[in-house]
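Have a look at this one.
Lettered A, B, C and D in written order, each chain numbered from 1.
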Amino acid sequence: MDVATLFEQMPFAQHVGIEMREATDGRAAGYIELEDEHASAPGNGVAHGGVAYTLADTVGGAAVISRARKPTPTIDMRIDYLAPGDGDRLEATAELVRYGSSVAVVDVTVTDGEETQIAEARGVYKTGGGDGANAWQDADSQLPGE
Amino acid sequence: MDVATLFEQMPFAQHVGIEMREATDGRAAGYIELEDEHASAPGNGVAHGGVAYTLADTVGGAAVISRARKPTPTIDMRIDYLAPGDGDRLEATAELVRYGSSVAVVDVTVTDGEETQIAEARGVYKTGGGDGANAWQDADSQLPGE
Amino acid sequence: MDVATLFEQMPFAQHVGIEMREATDGRAAGYIELEDEHASAPGNGVAHGGVAYTLADTVGGAAVISRARKPTPTIDMRIDYLAPGDGDRLEATAELVRYGSSVAVVDVTVTDGEETQIAEARGVYKTGGGDGANAWQDADSQLPGE
Amino acid sequence: MDVATLFEQMPFAQHVGIEMREATDGRAAGYIELEDEHASAPGNGVAHGGVAYTLADTVGGAAVISRARKPTPTIDMRIDYLAPGDGDRLEATAELVRYGSSVAVVDVTVTDGEETQIAEARGVYKTGGGDGANAWQDADSQLPGE
């Protein structure tokens, strides 16, 4: 199964309506057709901030996994909103800006599919450490004093 | 209508299953009962990062609006993931750390409803400028050269 | 006095050795010649993270002020480090990605002056509210309960 | 040599005037006595944003190294400014919120040494991968296509 298909089968990505275009060689792209359920207020036609974020995190993760070929949990992500998402869709493209043995850094741009930039996000994903379905469950969880 | 009810009626908050507990005096709290649709992979029982983010952004916004009493769009938010969200629910509490005439800063903590901290988020929300259903549509959009 | 000169006269910018190239129409550029005093360990020849940040915050602020023509305090900034700053200099270019009546968003790229990207930063600066030498001193400081 | 002493001997920390109080068991504290050289404009008595950031990054790094016992480069840091640093000093305390085999997450609070909170920062530091004076120089630097 290719990475794009894998991401479309994520239950929450399906629930939010994410369609993946591609995820290869450290780049990925996907989109959401905006429906009433994505709105931030009844009938206002503006997507909730969580829609653009979920798209950015998903497409960003796909870019990393296309390179890492194993689960790469998000460590942190920052999103800056630049314009309201009030068009017919949100489109996102993600690109690796650094790929390391411990972490990868990804830039994601979200547009309305036309000329308007809706948001920019930058995320750090874990590339080292644990394997398996949940990469957090390695020798990773101890805090000072534990 | 009180602020907590207003936020529960957001279409995307409903779609994701957010329940608000309170939103008063610059503090807010809410939660999501985790279901299969929130998972990051089929049957893995771990919430997608967009679930915790959408909860954090929503509860954070409710904390600001409980003080501002008008729409306060998110300018930016950063989320740091600290543990997998693999329990029965995600709970979030938000608190204003700065409230100004232009922007407000909010800290949000997301837990599993028991002892495990799942994520921490910090967001900046717009408190000044435009009014109405979409506060971005003020004299705000010009970029250099436009 | 032009904006670039104004920023070179900032005491801390002088202390860190920032030289401004330009600051006009929402764009700015500057650099630091790296010396022993910028190192993160004695003799290691790698600039401390605070050097790249101080350059990014300063050049970013200059980009905003070149448009705003009044003090624009930094609200928040995130910096991602991509490679060690172990060359002869750090160079930064800043560009406005959004300019609004309340806040502006700026992207800053820091390189070694040649081909290596050292860091990327994104900052939010205040463009609305108070005037005067310290724009924080407006009606901005009240917190819930005050 | 203890970690606090090690950090005081960082050339850039000395240049900026950082004094370390402690760095043990995943916690660290330090301060800067504010002088004219730290100002953001001649004679305004307000510290440049780079001063609080450099203190936060340094004290945050000390908290991580007190646990890791090897170099731990900063991967990213976000700082939110809450009030102008216009007092006699800046004080910072850092605490680990997550310590893993790949990365650690640290929260830093910066105050004026009295009751006013000046800034909050959150940083991610690398704990896995390369050793030696510069932990970036491991198998870490390849980008897609290289």
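In the analysis below, a residue touches a chain if its C-beta (ideal position, glycine included) is under 8 Å from a C-beta of that chain, and two chains touch if they have at least 3 such contacts.
Computed from a predicted structure; not experimentally measured.
J.: Which pair wins on C-beta contacts, C-D or B-D?
T.: Most C-beta pairs in contact, of the two: C-D.
J.: Let me have the rounded angstrom distance from the C-alpha centre of chain B over to the C-alpha centre of chain D, please.
T.: Chain centres of chain B and chain D, defined by C-alpha means, are spaced 28 Å apart.
J.: Roughly how many whole angstrom separate the Cα centroids of chain C and chain D?
T.: Taking the mean C-alpha position of each chain, the two centres sit 17 Å apart.
J.: Can you tell me which residues of chain D touch two or more of the remaining chains?
T.: Touching at least two other chains: 75-76, 78, 80, 83, 97-98, 105, 124, 141.
J.: How are the chains arranged in terms of who touches whom: line, ring, star, complete or other?
T.: If you draw each chain as a dot and join those that touch, every dot ends up joined to every other.
J.: With touch defined as at the start, can you tell me which chain A residues reach chain B in the complex?
T.: Contacts found on chain A: 9-16, 36-42, 44, 46-51, 53-54, 57-58, 73-81, 83-84, 86, 133-134, 136-137, 141.
J.: With touch defined as at the start, can you tell me which chain D residues reach chain B in the complex?
T.: 78, 80, 82-83, 97-98, 105, 107, 117, 120, 122, 124
J.: Which of the residues in chain B come into contact with chain C in the complex?
T.: Those in contact with chain C are residues 25-27, 67, 75-76, 78, 96-103, 105, 124, 126-130, 138-145.
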